[in-house]
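Lettered A, B, C and D in written order, each chain numbered from 1.
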Amino acid sequence: MVQATKMEATRAALGPTLIKLRNEGLDIVCVDADLGYSTSAVKFGREFPERFFPVGVAEQNMIGVAAGLAATGKIAFCSSFAVFAPGHCFDQLRMAVAQPKTNVKLVASHAGLVTGEDGASAQSLEDIGLMLSMPTFNVIVPADSVEAAQAIEAAARTDGPFYIRTMRAKTAVVHDESYRFQLGKWSRLREGSDVTLIAIADMVKVALDAAELLSSDGINARVLNAASLRPLDREAIVAAADETGAIVTAEDHFVHGGLGSLVAGVVAEEHPVPIEFVGMRDRYGTSGTSEQVLAFFNLTPEAVAESAKKAIDRKSE
Amino acid sequence: MVQATKMEATRAALGPTLIKLRNEGLDIVCVDADLGYSTSAVKFGREFPERFFPVGVAEQNMIGVAAGLAATGKIAFCSSFAVFAPGHCFDQLRMAVAQPKTNVKLVASHAGLVTGEDGASAQSLEDIGLMLSMPTFNVIVPADSVEAAQAIEAAARTDGPFYIRTMRAKTAVVHDESYRFQLGKWSRLREGSDVTLIAIADMVKVALDAAELLSSDGINARVLNAASLRPLDREAIVAAADETGAIVTAEDHFVHGGLGSLVAGVVAEEHPVPIEFVGMRDRYGTSGTSEQVLAFFNLTPEAVAESAKKAIDRKSE
Amino acid sequence: MVATQTSVDELKSIAKRVRRNIIRMVVAANSGHPGGSLSAADILVTLYFRVLRHDPKNPDWPDRDRLIISKGHATPGVYGVMGEAGYFSTEEFDNFRTPNALLQGHVVMGKPAGVEMSGGALGMGLSFSLGQALAGKLDGKDYHVFCLLSDGDCQEGQTWEAAMAAGHHKADNVTAIVDRNHIQNDGYSDYEHFPDGDQPAKPGGWVMADNHTANIMNLEPLSAKWEAFGWNVIHVRDGHDFEAITAALEEARAHTGQPTVVICETTKGKGVSFMEHNPDFHGKAPDKEQTEQAYRELAD
Amino acid sequence: MVATQTSVDELKSIAKRVRRNIIRMVVAANSGHPGGSLSAADILVTLYFRVLRHDPKNPDWPDRDRLIISKGHATPGVYGVMGEAGYFSTEEFDNFRTPNALLQGHVVMGKPAGVEMSGGALGMGLSFSLGQALAGKLDGKDYHVFCLLSDGDCQEGQTWEAAMAAGHHKADNVTAIVDRNHIQNDGYSDYEHFPDGDQPAKPGGWVMADNHTANIMNLEPLSAKWEAFGWNVIHVRDGHDFEAITAALEEARAHTGQPTVVICETTKGKGVSFMEHNPDFHGKAPDKEQTEQAYRELAD
């Protein structure tokens, strides 16, 4: 297994980053629907009370209020759990943010199965699909806390709607401090020519571990961190198809509508090659610790490695 | 162009079909959020007032009330425009219907660009993606009024969550009365071996017209009506890839998350071939008559035929 | 630019023009929403020609009052008055609801300039208005935010989320205006249009012989609802009386410590006899003969 | 099976066991929501051991009363009492929140049998309850539907959509019960826990030094809100007083012509001193030492 120096929750990047950016003079405001304690947004509220607006447990209103604030020229952040925003306020995001392109940044935490013990209702496996269905939204899924802070800063400094998906559980820090997040550019965390593993969020570390497993079988796997889902790094996908001829996608999310669909779409249009999809499909989650749940649903290095071998075998098709 | 004998709006099938089924003894109830006049659901309400529950303009409540009714053993129908249900009540569909698999049937009309004059806000281009993100939902997109009535009946007679997407505009009747809708089975409306055109809803007629255009260029296009998106007809997709080697998907919906993503996913897993996607991508709709808007966004027989030629050219890749 | 003190006679003649604009647009497009446009016309005319601090030549003026149209389908009314106020060339009326036209079917933020929010989905306007109001307080600006709501808007839960939050934040720079015409898409909101004898035993609404629904969702006691959510309530018994509307809106602007709602009792389809109180014209254009009659009734 | 006339002494001892069950579950899972489970425990005990017409051996009995848990995170409380009532083996407590366990983190319909609705997202219970109530009327059944709501539930717009519709449909076979503990995820709902001097000038909530938010979203006047939405309101000043809860729920069941809401003033974390009024224990398990103390305080 790749040794991670640090474990940190990506959700913890929100409050401190907003404080830093406000201190640098950005006109940031923050709307909160009773989850700011969990998303770390309240830290911003403590520093800048006049810029922090609690609205109670009311996600629809949260988005509308944020859009109204943004329409006056402010950079309006809001946060919730990924299962409630977009899920509980989809139409508000569509009408008040996506269509008019208001400057709203939704940072949703507690995404994916790794949310853990609360179980199926709390495990968002569809938020990426919902957000990608709004074509004007930038959609970013940071792999670790380093990237999360940079993505939040990029969102604040770039005009227009942003969705940033963070995690509750501590996850491995896979980038060092020299890493620079770029919109529309995927980082290549490992070179390889036999197959490409494309992963997001907590599955990036899983993919890196899978690549280690594969290398002991003499297989060289390229590993891409697909943090920027919109704008998409089409070139990285085409290069993966051209240069490695087989692809595995890995996501803590439903395959349909998520990373898997994105990659499949580009590959079908540009260079058809076999793809194996690791992710959730026909069912919802279950309770358990992050580790238990990922193992339960086979989102493991072993499963990714197995899929890679299958994809490689299928090259001759 | 293929001559259509009749033009009929698929939305008009709802009320009469529910009346018929209730008269046959099915324990149907209907919840309405102030669009039953437009979806034709009020016809059922006129016949069976005690089984019709208006809740005002409140889609979230509509879904919750329907789920509660269903939990007592009833077959609970509700209807709205596709842009409001699922859009305005996604979390309610997920929690009160999809996760517990309550016997709720959502029939959403006014889907797609063909909704027309009301413009971008009213043109649902994401509802299929939202509904497919709930794995326990059956998702049906009837191509014409004949199929719509049969799909509604199948939904009523099959336990579990159903989404049926209908249209405001009158669309060509492409099936004759002998047609029998089957869950998970796509109808093959035209034989062909050079390329397969897979289409839904109003785009089925467009695909048939495209096939006519292609045939005058000596190209034989197979045409599939992909009405049953879940359960999916994987076999039909694999056969298309195997036997025709090139595919075009056509939908009045965003490609990502919709029919395009579904087909691309199966093809990538089973038999990679070139696919061209006709549908909406990076922007929302605009006002206009159905015809104007489809032409404006290039959802036309000519565009589908063009894409088919491109896909065929790419077979050699 | 501060709103002018337009006389009632002038307002009346502007409102007539606006109503003709409404007919012109829905006829040109052969679609659109005349009923709720006509019911709101006099409110809109009062706002644009008496109450709003605005400048049609400088629609992005940061100190302008905001008007948020929550009932975003009422575009013929909104464009009809904005055109009269000089926001765009009235020739645009004839391109209403065509591809990429300036005047889209439902309101679109900034298109034409001066439209503050995109709409078409009910229930969203008050949240957006609250955001603008909170920004105004934060920025130390004295603009006021008005939000036009319909019956249906008041049935959406989001409106009550926003109402609760506006009360909680003591957003006294927001005024909600309810165009209370008691008719919506499926038919009649409540018993307003029915003699007592017509009320059947079944509570909660029923479908009539003409397929319209009666008693869809009663909002009464509407004043008590807003009060319980922390709002100052002003009830305007005739939502077509310019002086009454003006007085209520000025009082609303002046009220401090809590937001104000102005509930205007209106007539759906107001000014065109066959559209008045008629759910059929919620979202339908008149035919040729009806159009001629409408223009006759709306002549100066 | 009709609910038994359990004595107050018995109820007290059951409630103690339920509270110990709550601690047992959150400790076993090292996660979960003790605060809102403890605040609702006495309401739940009263329901299951006095008020509800139910049969733990026949959980699908069509004529049973329904209890819908809208605050679906309060599973330790719900399972804690259902286990005592005999719906499942209490050994299941130790598998709380593990993969595929019978006792999932948030309520899941039918798992264990007797749980009526899936939850975890606030604001959804009352709509579902209304659906069950309308079905009961249609089927000529006399069961009653109870719905347990939290502070947060009352902030979600959907609850007000459902409240409006229940009033409109005169669904007198629904009773909403509000577990009004004035504490939610981020901190304190309102000024309830603050001496006057602590109220700063800024309205609408602020974050305190410990990162908890004060005055998140005041629901008062809560009774007036429900009344304005067409409900009969009963206020229970001590939501831990079994006789008061019983009386209110029986009155609610008997009330005709409109639905009833029973607003129970409760203490979040009730029964475990360091959890009482403490937002930290909304969604966190106690550590080892705290656990021992909790068990000491909850001993018979």
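Basically, contacts are C-beta pairs under 8 Å (C-beta built on N, C-alpha and C of every residue); 3 or more make two chains touch, one makes a residue touch a chain.
Please read these numbers as outputs of a predicted model, since none were measured by experiment.
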| item | value |
| --- | --- |
| Set of chains adjacent to subunit A and to subunit D | B, C |
| Relative to subunit A, chain with the most remote C-alpha centre | C |
| Distance from the mean Cα position of subunit C to that of subunit A, given in whole angstrom | 41 |
| Separation of subunit B from subunit C, taking each centre as the mean of its C-alpha atoms, in whole Å | 34 |
| Residue list for subunit D, restricted to those that touch at least two other chains | 108, 118-121, 123, 155-158, 161, 164-165, 168-169, 204-205, 215, 217 |
| Multi-partner residues of subunit B (each touching 2 or more other chains) | 50, 53, 55-56, 58, 60-61, 83-84, 87-88, 91, 95, 99, 120-121 |
| Graph class of chain-chain contacts, one of line, ring, star, complete, other | complete |
| Of all residues in subunit D, those that touch subunit C in their complex | 123, 155-161, 164-165, 168-170, 203-205, 215, 217-219, 221, 224-225, 227-229 |
| In the complex with subunit A, residue positions of subunit D that touch it | 29, 31-32, 72-73, 96-101, 104-106, 108, 118-123, 152-153, 155-157, 184-187, 189, 202, 204-209, 211-213, 215-217, 279 |
| List of subunit C residues in touch with subunit A within their complex | 62, 68, 108-110, 116-121, 123-124, 126-136, 138-139, 157-158, 161-162, 164-165, 168-169 |
| Complex interface listing, subunit A residues touching subunit B | 83-84, 86-88, 90-91, 94-95, 98-99, 120-121, 125-126, 129-130, 132-136, 254-257, 260-262, 264-265, 267-269, 271-277, 281-284, 317 |
| Partner subunit D, residues of subunit B touching it in the complex | 29, 31, 50-51, 53, 55-56, 58, 60-61, 63-74, 76, 91-92, 95-96, 99-100, 102 |
